[in-house]
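The same chain A turns up in both complexes below, where it pairs with chain B and then with chain C.
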Partner chain A sequence: MNRDEYQKLVKKMSPKEPKLRNAIVAFLTGGLVAFIGEVIINILMNSFGLARVDSYAWLSFILILFATFMTATGKFDSLVSKAKCGLIIPTTGFAHSIQSAALDYKRDGFITGIGANLFKLAGSVILYGIVSAFFLAILKVAIYG
Partner chain B sequence: MMYLKAFIFSGLICLICQVILDNTKVTPGHITSTLTVIGAILSFLGIYGKIVDCFGAGATILISNFGHMLYEGAITGFEECGALGIFTGMLSNPGISLVSVIVFSFIFTILFKAKD
Partner chain C sequence: MASLKFNNVYLNDYFTLAGPMESDSKLKKVNLKMDDYYFGEKTFEKAEVKMQKTVIKGIMEKNKLDNDDVSLIIGGDLLNQISATSYATQNIPISLLGIYSACATFPESLIIAAMFLENKTIKKIIDVTSSHNLTAERQFRYPIEYGVPKPHTSTFTATASISTLLSNEESKIKIESATIGKVTEMGINDANNLGAVMAPAAAHTLYEHLTDLKRDVDYYDLILTGDLGCIGGSIFKKYTELKYNLKIKKHLDAGCELYLDSQETYSGGSGPACLPLVLFNKILESKKYKKILIIGTGALHSKTFVNQKSPIPAIAHAVSLEVM
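Coming up: the complex of A and B.
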């Protein structure tokens, strides 16, 4: 059996991802998170009298609290593996990646474990976000003054 | 109406990302990083602010909002205190996400054990 044949066999035998179902589930869960977010925004604005901009900040705070707590208690992993992008793309995915990295490396100690690996997965988001925002801000300042 | 718009916008972005994830070899890390950069670029072009006005929470819960907040913070900082403001102001808006995620994950990591 040569390499090509082997590759074909692997492709045939590996379980097929239900792409259509994944896409629909991602759409529904991603939309549901936004819907719940909008409900929370309205509660914050109407019951607590917050401005809309402030309630967006509180909303990300609430989502992060929810996602880290659910990940720590072990309920979020199965949800993410079902909903996939529906929970990875919202802020919940960012919190989930940090919390699960921290839990996974807890046994290596506080410094070499949690400290060194906390941003193992989410670090790239922070790195490229800050770098791109920095250069775009420089560009904006250079163009418009 | 806002609920429906938020639902559809956020859902569509998640759907697009899921289709990319299923049909190419990229990892979720690639997608979230790219979305953050796209958010910063859209904010630079002045589009992301309008998206937030139009779709509300549908746009702010996405990770692309992180790039938008970084850029907005840098520009606001520059307007308030000059070149140094780009550095000091950049984390002023997304600071709430960063600080809360670090504090909560630390507390919960101490309180809970990893499940295998």
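Coming up: the complex of A and C.
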């Protein structure tokens, strides 16, 4: 049995991940987060008299606060195991990635621990978010002038 | 020189410390249990150091040994620079040999100890090993609380520490022979499927062991692999059959035998402590097996090489135990 045959055997014997089911769960939970967000925005606009743009900022603030609180109390990871990537992709996941790194490295010092590792997971999101925003901005200028 | 036979090496005693999840698993009884992952320390790394210290102290007190009675400690763990062992033994005035074979560290320490004892150069040796789920997660994977969804092939590092006392004095467990494995790599680079990475190494070591000692696979009452997990264990059996034409009837995998299904550990347990924990607190407690071949399996990967897309090399060491 050579390497290729072995790799085929491994592939055959390893259980397949239920990708479609995970995707549907993530779609529904991610959609639920968005729905809750929309509800909060409406409450902010109607009950607190905020403009729609301002209520977006407040919504992010509320979701981030909720996510970091769940991470700090150790509940977020068990939520993720049920909700799959529906909670990782939205802003809740971004807050969670920073908070979990902060918790993990708090004993390693302010500079060498938290400072150096806070954006360990979130760094790629920030970097590639900025890069793609840059190119999209150029594209927008090129098309619409 | 792959296989060795020993005539007068005995495993006299063992001392096991199990983590919070392992205490509630399929194990029968352990010497000590941990209530939480901190074990009274401020960080998980310090907890692992304390775990090793505790089991070394535990076995010495249990057997009424002084520092002068023991000539050597052989040990290792999963942390970078095997720091749990180094820090645990810093205030113990006994010579130390630090070793690393990832999760095959336990059989490796048995083999080295057996060679010293067979030559009668040393009278008493303590072997020690440990793994801690959260220090391993930190070192090899993501931050602990991140909890990213894992595939079903991934394993769960067991939290435990085990020390063993070996000497020439006759006792219930005899170390009869051993085979030192070779590094094997079959092109798998998935760090979430380490069972598949290590299965060929285990199969190869088993084949060499049986060939060198001219034994049939049925010679052993049980072949106990270290931490291939449930999926890796079945790949191991299938591969051994296809490649070496060996049909294993009595095989168990320590990783697969450790946790309950309700504990959601995917393919099973892993880590250097997994094999000795299951061996001492489950297999030997059952008193069903006389001739046991333990095959510790280690995935010798580093995060850097995995990120650079190199296939993961693996090693397996086998030790044959005779239980009186």
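Following the convention adopted for this analysis, the second predicted complex is superposed on the first by the 130 of 145 C-alpha atoms of A that agree within 3 Å, B and C clash if a C-alpha of one lies under 4 Å from a C-alpha of the other, contacts with A are read in each partner's own complex, and residues count from 1 in each chain.
In this text, contacts are C-beta pairs under 8 Å (C-beta built on N, C-alpha and C of every residue); 3 or more make two chains touch, one makes a residue touch a chain.
Because the structure is predicted, anything quoted here is derived from the model rather than measured.
Undergrad: Counting only touches as set out at the top, which of chain B and chain C does A:Leu139 meet: first, second, both, neither?
TA: A:Leu139 contacts chain B only, not chain C.
Undergrad: When both complexes are superposed, which of chain B and chain C contacts more residues belonging to chain A?
TA: Counting contacted residues of chain A, the larger count belongs to B.
Undergrad: So, does A:Arg3 touch the first partner chain B, the second partner chain C, both, or neither?
TA: second
Undergrad: Contacts for A:Val33 in the overlay, against chain B (first) and chain C (second): which applies, first, second, both or neither?
TA: A:Val33: touches chain B, not chain C.
Undergrad: So, does A:Leu103 touch the first partner chain B, the second partner chain C, both, or neither?
TA: both
Undergrad: In the superposed arrangement, which partner chain does A:Ile88 touch: chain B (first), chain C (second), both, or neither?
TA: both
Undergrad: Should A:Ser14 be classified as contacting the first partner (chain B), the second (chain C), both, or neither?
TA: So A:Ser14 only meets chain C here.
Undergrad: Looking at the overlay, what does A:Phe48 touch: chain B (first), chain C (second), both, or neither?
TA: A:Phe48 sits against neither chain B nor chain C.
Undergrad: Between chain B (first) and chain C (second), which does A:Leu118 come into contact with in this model arrangement: first, second, both, or neither?
TA: Once the two structures are laid over each other on A, A:Leu118 reaches chain B alone.
Undergrad: According to the stated criteria, A:Gly74 is in contact with first (chain B), second (chain C), both, or neither; which is it?
TA: Both: A:Gly74 reaches chain B and chain C.
Undergrad: Intersection of chain A residues contacting chain B with those contacting chain C?
TA: In chain A, positions 17, 22, 71, 74, 77, 84-85, 88, 99, 103-104, 107, 121 sit in both the chain B and chain C interfaces.
Undergrad: Could you list, by residue number, the parts of chain A that touch chain C in their complex?
TA: On the chain A side, the touching residues are 1, 3-4, 6-7, 9-10, 13-15, 17, 22, 71, 74, 76-78, 80-81, 84-85, 88, 96-97, 99-101, 103-105, 107, 120-121.
Undergrad: Touching residues of chain A toward chain B in the complex: what are they?
TA: Interface residues on the chain A side: 17, 19, 22-24, 26-35, 37-41, 56-57, 59-61, 63-65, 68-69, 71-74, 77, 84-86, 88-95, 98-99, 102-104, 106-107, 114, 118, 121-122, 124-130, 132-134, 136-141.
Undergrad: Over in the complex, which chain C residues touch chain A? Could you list them?
TA: 42-43, 138, 142-149, 151-153, 186-188, 193, 196, 200, 231, 234-235, 238-239, 242-243, 264
Undergrad: Note which residues of chain B are touching chain A in the complex, please.
TA: Contact set of chain B toward chain A: 2-3, 6-15, 17-19, 21-23, 28-29, 31-33, 35-37, 39-41, 43-44, 52, 55-58, 60-63, 65-67, 70-71, 73-75, 78, 83, 86, 90, 93-94, 96-98, 100-102, 104-106, 108-109, 111-115.
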